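Chain naming follows the written order as A, B and C, and within any one chain the residues start at number 1.
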Amino acid sequence: MAQQAGWRSLPKAGVAFRLSTDYKTGDWRALKPVIDYNKCTKCMLCWLFCPDMAIVWDGENVVVNYDYCKGCGICANECPVKAISMIPES
Amino acid sequence: MVVKTIPEFPVKKGEPAYKLWLFEPGERKEMPLVFNLRQLAETRRPALLPGHRLCAGCAAPIVVKLASFAFRGPTIVVTATGCLEVSSTIFPYTSWAVPWIHNAFENAAATASGIEAAVKALKKTGRLPYDQVDVVVFAGDGGTFDIGFQSLSGAAERGHDFLYILYDNEAYMNTGIQRSGGTPKYAWTTTSPVGSVLPGKMESKKPIAEIMVAHRIPYVATATPAHWMDFMKKVRKGIEVEGPAFIHALSSCDRGWRHDTAITLEVTRRAVDTCYFPLWEWTPQSGYMLTDRSLAIARNPQLKQPIEKYLELQGRFRHLLKPENKHLVKELQELVDAAWEELLRKASNAPR
Amino acid sequence: MAQTLVKPKIPVEKQVLMTVNGDEAVAYAVKQSLVDVVAAYPITPQTIIVEKFSEFVADGEVNTVFVPVESEHSAMSTCVGAAAAGARAFTATSSQGLALMVEVVYIASALRLPIVMAVVNRALSAPINIHNDHSDAYLMRDSGWIQLFAENVQEAYDTTIQAFRIAEDERVLLPVAVNLDGFFLSHTLENIYMLPDESVHDFLGGYRRVSKVRVDYFDEEVPLALNPARPLSFGSLDLYDYYFEHKVQQVEAMKNVPEVVREVNEEWFKLTGRRYGDGIMDGYGVEDADIILLAMGSGAGTMRSVVRKLRREGLRVGLLKLRMFRPFPFKDIADKLRNAKLVAVMEKGISPGSYGPLFLEVNTALYDLKERPILVNYIYGLGGRDLVPDMVENMVKGLFKELESGLVQPKLRYLGVRE
């Protein structure tokens, strides 16, 4: 259903038929977080607090998922060792 | 079973970054409550998916995310009309990894009552393939303090087994920052603006959590997303208790409270530090109990911050920092102090 | 009404003869229909439904979870939650209660939830009036619900059971309102035949089965319900790019309803020996009538007795009782009425600034006919004003005179009001 579906093919009862993971909110941001892995202690607070689920733990590191990051800066603000910097989006 | 529309980013090892919660019929294991963040990251996924359209820096998705880490198994979520509902399900997209329903503005609790009744009926007639299905409501201050209050009160009186989490951003934010029963005194909103005669909202904030205590439901608590461990514990308690549970979560709104997106959690932290929003829980057996930071402040009153520390972060209180409004700040400080003293008297674990 | 040309599966000897009023009949029907959740708020004249049902619950005679909600708005909201979770849900209300819940009534049909609601028709305030008219039913005519009207207590019982079948049919998946006249039916005792429990269970196919839906993020069709195995989101926000399509889906869904109503009516006939015309309407003497009265609800019963009397006296008059108001059966109405000289649309409701709602529908049904009968609209019975046979008889005789004179006017008239 890439083109907008008509009433004949839309699912019944108006249930949502796509997941929002298809909708990349990354283009909202004006600032982007950059993690300095030399400072990062892997406390995971940035992962915990990110309102957009845009910081992911891949088993070894916390990684920013720039597809969804809105650049709010909460991660940078909460990081206890100030390992995250918010730099202007180019 | 799931079509590959969820990106597996950035899997190096382990499971995909984002998952739908799928509980196959007959699954019985209960998800334990974990506070070790690495373990949490490896074993749990939030019930909210990325790609939702809530504002950058909004506390509401943090509230939902943290709460969902405390869910224990199959959970159905009900949301009232408001920021969370609207921004998480703009058709055709949904950000919910769990079964979810939105009905109308004022009936989240009634809808939850219906789901809970259905689960009971299905169980009674042998048609529920699970041991239990929890029902959790997320509603804003609009749908709770004001238009939704009747529905909440009725559901509480009938004793349905559900958890009601109020994400309180202290105004009707979704419709453009209009005042609600939850807006604090002297806050600026579009329907209680600061003018030459009136300095913002003239009425006090409705003590919603205390009203729920008066309903004598099994569990009532206040929480903030900043004090995450406290919040997760309370959510879990609310789910496990048999009967209605109510958690009042302060949910800062950078748009409506006028603060920088990055300090969302810091604002709620200061709300607790200044005792504007104390953290407590209440059960019929143990009465009021202070928790987390508020308990620390009760034990060490020097930790209590003056109300200016909270007001100075937010544009909606900017007018109060002007010298001619010093008396209003004094009044607010007195109100906060009086409420704090009363809480100290009521709390069974406050030092005597 | 029972035409036993074929021996029914459950003959009358095996059915249970009970003396009940309309509300009790509905309560018994709900009791037998394996309903999972009943959420209701009392309002005269629906109260007996809730009270009777509460007795069944208190005596442990049903597995239904009864939710005594704190308002009608919450009653429908609770039913929406329950039905979305896969349960069979029922509520009942009248008048102001329906008006209060109407916001959620629209939501229920848009979410395609097969809820059944008994509407014990009562006048709308102000002034507050607890007696019968159809103004509350008219209030929800645009809501996307199926609306059926019962003429007597037996029909109220039969229709309530049928309603669950119609609502949950895969071709339909729409909520059904069963209308019965307040006090005239709700509080009037009649001897009616009830089926044994198992027959009702069989007729409904046991407990509710949810439908299925296909969404992009699951490979297969998944149950259309709040299901922890396959999560779905109900009640999204539509912007201007999808709302129109969703609404058209609702309109198109109504197109399958007449077929299902007729099928259920026939099956009921084979089971019990009772049917109500073809399920949609029931004509008496319409084939050769010059004047036809068209009515819904208990008033049709009074009119039929008058029509019977007048036909014996030689007057060519007939009665068309309409059972299904929504979806409105335009073609069938046109077919039944086309040969009459005059049709009197009798209705218990008003739309100030226009004709009665039923009149407007009938008018539309006849518009495309090359030759069509004269239509007049009689408003009667508002606020429980009684309709007595003499009034009907005088009205019919007067209409014959008007027909003869060639001048039929005015179009909008009142029967039984003091000037």
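Definition applied: contacts are C-beta pairs under 8 Å (C-beta built on N, C-alpha and C of every residue); 3 or more make two chains touch, one makes a residue touch a chain.
Chains and their UniProt names: A = 4Fe-4S dicluster domain-containing protein; B, C = 2-oxoacid oxidoreductase (ferredoxin).
Because the structure is predicted, anything quoted here is derived from the model rather than measured.
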>> With contacts counted as defined, which of the two, A-C or A-B, has more C-beta pairs across the interface?
In response: A-B
>> On a CA-centroid basis, which chain has its centre farthest from chain A's?
In response: C
> chain B to chain C: how many Å between their CA centres?
Replying inline: 43
> CA centre of chain A versus CA centre of chain C: separation in Å?
Replying inline: 52
>> Just the number, please: Cα centre separation of chain A and chain B in whole Å.
In response: 21
>> Could you pull out the residues of chain B that touch at least 2 other chains?
In response: 5-6, 20, 89, 91-92, 94
> Which positions in chain C touch two or more other chains at once?
Replying inline: 216-217, 232-236, 238, 242
>> Can you pull out the residues of chain A that are in contact with at least two other chains?
In response: 1, 5, 14, 16-19
>> Using the touch definition from the top, list the residues of chain A that touch chain C in their complex.
In response: 1, 4-7, 10-19
> So in the complex, which bits of chain B are touching chain A?
Replying inline: 5-7, 9-14, 17-18, 20, 37-38, 40-42, 46, 48-54, 56-62, 65-66, 88-89, 91-95, 225, 228, 254, 260-266
> In their complex, what parts of chain B are in touch with chain C?
Replying inline: 1-3, 5-6, 20-25, 74-76, 78, 85-86, 89-92, 94, 96-104, 106-107, 110-122, 124-125, 127, 129-130, 133, 150-151, 153-154, 157-158
> Can you name the residues of chain C that touch chain A in the complex?
Replying inline: 110-113, 173, 211, 213-217, 224, 232-236, 238, 241-242, 244-246, 248-249, 252
> Contact residues on chain A for chain B in the complex?
Replying inline: 1, 5, 14, 16-25, 28-29, 42-45, 47-49, 51-54, 56-60, 63, 65, 67-68, 70-74, 76-78, 86
